[in-house]
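Common to both upcoming complexes is chain A, partnered first by chain B, then by chain C.
Right, the complex of A and B next:
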């Protein structure tokens, strides 16, 4: 069982001893029961930190934002920045380290084990008709505060699918870690949701995806929340087209736009297909993209598919090794594809 | 015109609106959305997307163009087709949204594309007997859970029947189409609707504390470091504005279908002040290159620029941007923090 005080003490000590320049963690939001990301820089702010089943956010994304801000400001501080990392957050941090987005000395990982549970799925909770004002971990249960009093629910019933299938609830990559290591505790077999989906034939699945992509409003919440989507210029944006006094109207008019602004069938499919391919061998199934989608597009099914391909074809697990070769930048003598050997 | 409609008769009324394409909130894929509906239920909380798309779709083709060698370029205007939409179940915050959109696209500048859609859209509103969610704050921004602003008809749920009021001439025509289905309200019905509205208005809500003082205080806070602090966890997506009933910024692009001969469409699409290329200059300079400056723009537009231009806040208190923000950026909290800071 994680003791919130331990998290606060760890953060406070690191700041007080000047071992880190900031700690990225969770605090209570200003509306409702949800936690929100927060960056604290003073020891006394440690008491703002919370730890509950609504700490969904993958804070390694905030490490990316921090690095971008430092680059813009042309700073390279000596002290690392600390983050509170669940098992999945530590895996994506490991991928970022593997890709040298920042170096190991730049980040201090305060690992917090999800132990036997994980985070809540707000949609599952709403489906049960529970309107909570607060939530807490308690062993294998979640405890929700509602207008009718405390409601205790087995976590499995309202947990996010990705947590049910999680193989690594303990943050393997860490500087310090809190909680019990229950690696291998998966409550459901990996890829359970994907397998269920794939029982349908290809035509049915394609129809399903066409329907889903047609619903996309292209708010880019999925891309924006993703720690792996750190490109300075995303394929859908047009911010780096160099324009000078000599740039002609034709050149401006004919600049490459891979994907048009219009949220229509062809462009939406191209956007989502591009994203999922760019995440192959990098997505560690934090599933923030699916959680933040305002129109509920089940993106996890796509990313899981790529994850399973990488695992079954190449025995590759993103986030498993910082020093090892990455999936798409390495070559195997025993590559199953004959065309490449 | 005020009438009573039995709840069981609502779909007979819908069927009687044969000149209209009826849309209503439908729960599909886990969210409420306005969809063409023949079976109208009206047991919805608010929809995830507001009804603004009926008059301001995410993509609008202005005209098509074609350039055949040796011939003059051919432009063909594409004014939207005149489908009449009756949209049922619109909540008062979204009716107030329509009021604001109408000002933007019909006050100083008349937008033909917007207008040719808008004149064919009728909103059949549904009063909120209780708040639709924890983030409702319509009362503090000049609205009300029983407001008829922007509506053609306002319905109030009285248990087994609706109290139906025509607000506009179009509303009267809609009700006239189903006339035998409606009955005259009794004195008891009148009393009940009054009480229901009073109870609805008395329900507690969150509140933006100083809406009238906000324009001056936001102006004074333009350079405040608070913006970067409040936007610290912002991920820079566009969910808040794409789901807003009053955000109306757009981009115009030429979408080429073929290059030889040159053929394509000039299209307007929703744009988003939270996107990095929104204010990108051709020189490469971006005057709003930080998340804080973009949050400031969104909030100041709602609570300073729009009030300066039109005398009312642009925000209608629907709460979508708060509920759907994945990192807890909360416009109520932001405005309160910034205005309190100025004092």
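Right, the complex of A and C next:
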């Protein structure tokens, strides 16, 4: 059982002893029971921090934002920034470290184990008709405070799919860790949702994806929330095309645009395919993209597909090794090649 | 979106974008030419320095612009001019192939082959087989951009 006071004490200590310059954590948000990410810089702010089933955000995204802000300000502080990391957040931080986005000494990981449960899926909760104002962990249950009083629900019923299938609820990469290591608790076999989907034939799958991609409105919420989408310029945007007074209309028209920004069928497919392939071997299944999608495109299926290929065909596990090579920059002699003529 | 109509007519000729590596497959296609080996004229070759340099964007882009099939061809494993380019390509292309199949695009529309500079006959065979496999599938409309 994670004690909230431990998290607050750890954060307060780190800030008071001047070991870190800030702590990225969760506080009570302004919209009902949901937590929201917060960056605190003073020890007395530590009491703002919360830890409950709505702490689903992947805070390593805030590490990326922090690094970008420092780069813009041309600063390179000596003190690291601390992050409160669940198993998945620690994995994505490990991928960022593997890609040298920042150095290990620049980040202090306060690992928090997800233990017997994970985080709540708002949609599953809404489907149950529960309108809560507060939530808490309690063993294998979630306890929600509603207008009718306290409601206790087995966590499995409203947990996010990725938490059910989580293989690593304990943050492996950490400076200090809170909670028990319950790795191997897999409540459902990994890739259960993916397997269920793949049992359908190709025509049905295409019909499904055609429908899903046509609904995409290209708001790029998936890109904005993804800790791995840190490129300064996304391939979709191509905004840095140098345009001067001498640039002719023809030159502007003929510049390479791999993907148009208009939300039409073919461009949506290309955008999502490209995103999935860019995340192959990097996506650690935090599933934030699917959570924030305003039209509920099941992006997790696509990312899971790549994750499973990497695991089964290439023996590669994203976020498992900071010093190791990345998926697409390495190879093995025994990589599958039977599809090649 | 309208259903992709699979109107298979006898005079339908699939358009293939063949992404060939400069050192092997491109030279292999040259050899097929100078050896006067007859093979279908459906393939539009694009020479790249190495299959390892083939970004999945090239493949998606070709399909988007209306290719009925895309072929990526390079040196045999161990023969890469850049030592390991085709090893890297093998991984990347595997992922692209799996992903296209996953969303329901016919797996036969995308193909990879190893053709060395001495294998003009093999190149012509690869193109022949590809055309034969593509003909029954009809035009590729799933990923094609609607330019109307």
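Points to keep in mind about this one:
The rule is simple: the second predicted complex is superposed on the first by the 334 of 341 C-alpha atoms of A that agree within 3 Å, B and C clash if a C-alpha of one lies under 4 Å from a C-alpha of the other, contacts with A are read in each partner's own complex, and residues count from 1 in each chain.
Keep in mind that, in the parts below, contacts are C-beta pairs under 8 Å (C-beta built on N, C-alpha and C of every residue); 3 or more make two chains touch, one makes a residue touch a chain.
What you see is a predicted model; the values in this text were computed from it and never measured.
In the superposition on chain A, A:242 contacts chain B only, with no contact to chain C. Of the two partner chains placed by the overlay, only chain C lies in contact with A:209; chain B stays clear of it. When the two complexes are overlaid on their common chain A, residue A:335 makes contact with chain C while staying clear of chain B. When the two structures are aligned on the shared chain, A:264 is found in touch with chain B and with chain C.
Contacts of A:223 after superposition: chain B is touched, whereas chain C is not reached.
When the two complexes are overlaid on their common chain A, residue A:1 makes contact with neither chain B nor chain C. Shared interface residues of chain A, touching chain B in one complex and chain C in the other, are 264.
Chain contact summary for the complex, chain A toward chain B: residues 29-32, 34-39, 57, 61-62, 65, 123, 131, 212, 215, 217-221, 223-225, 237-239, 242-243, 247, 252-253, 257, 260-264, 288, 291-292, 294-296.
Per the touch definition, chain A reaches chain C in the complex via residues 198, 202-210, 214, 235, 258, 264-267, 269-270, 273-274, 276-277, 280, 302, 305-306, 309-310, 313-314, 327-329, 331, 335-337, 339-341. Here chain C touches chain A in the complex through residues 1, 56-57, 60-61, 64, 77, 84, 87-88, 90-92, 94-106, 111-114, 126, 129, 142-146, going by the rule given at the top. Contacts from chain B toward chain A in the complex involve residues 29-31, 33, 48-49, 58-59, 134-135, 206, 232-233, 235-239, 242-243, 251, 253-255, 267, 269, 271-272, 275-277, 280, 282-284, 286, 322, 324, 326-328, 330, 332-333.
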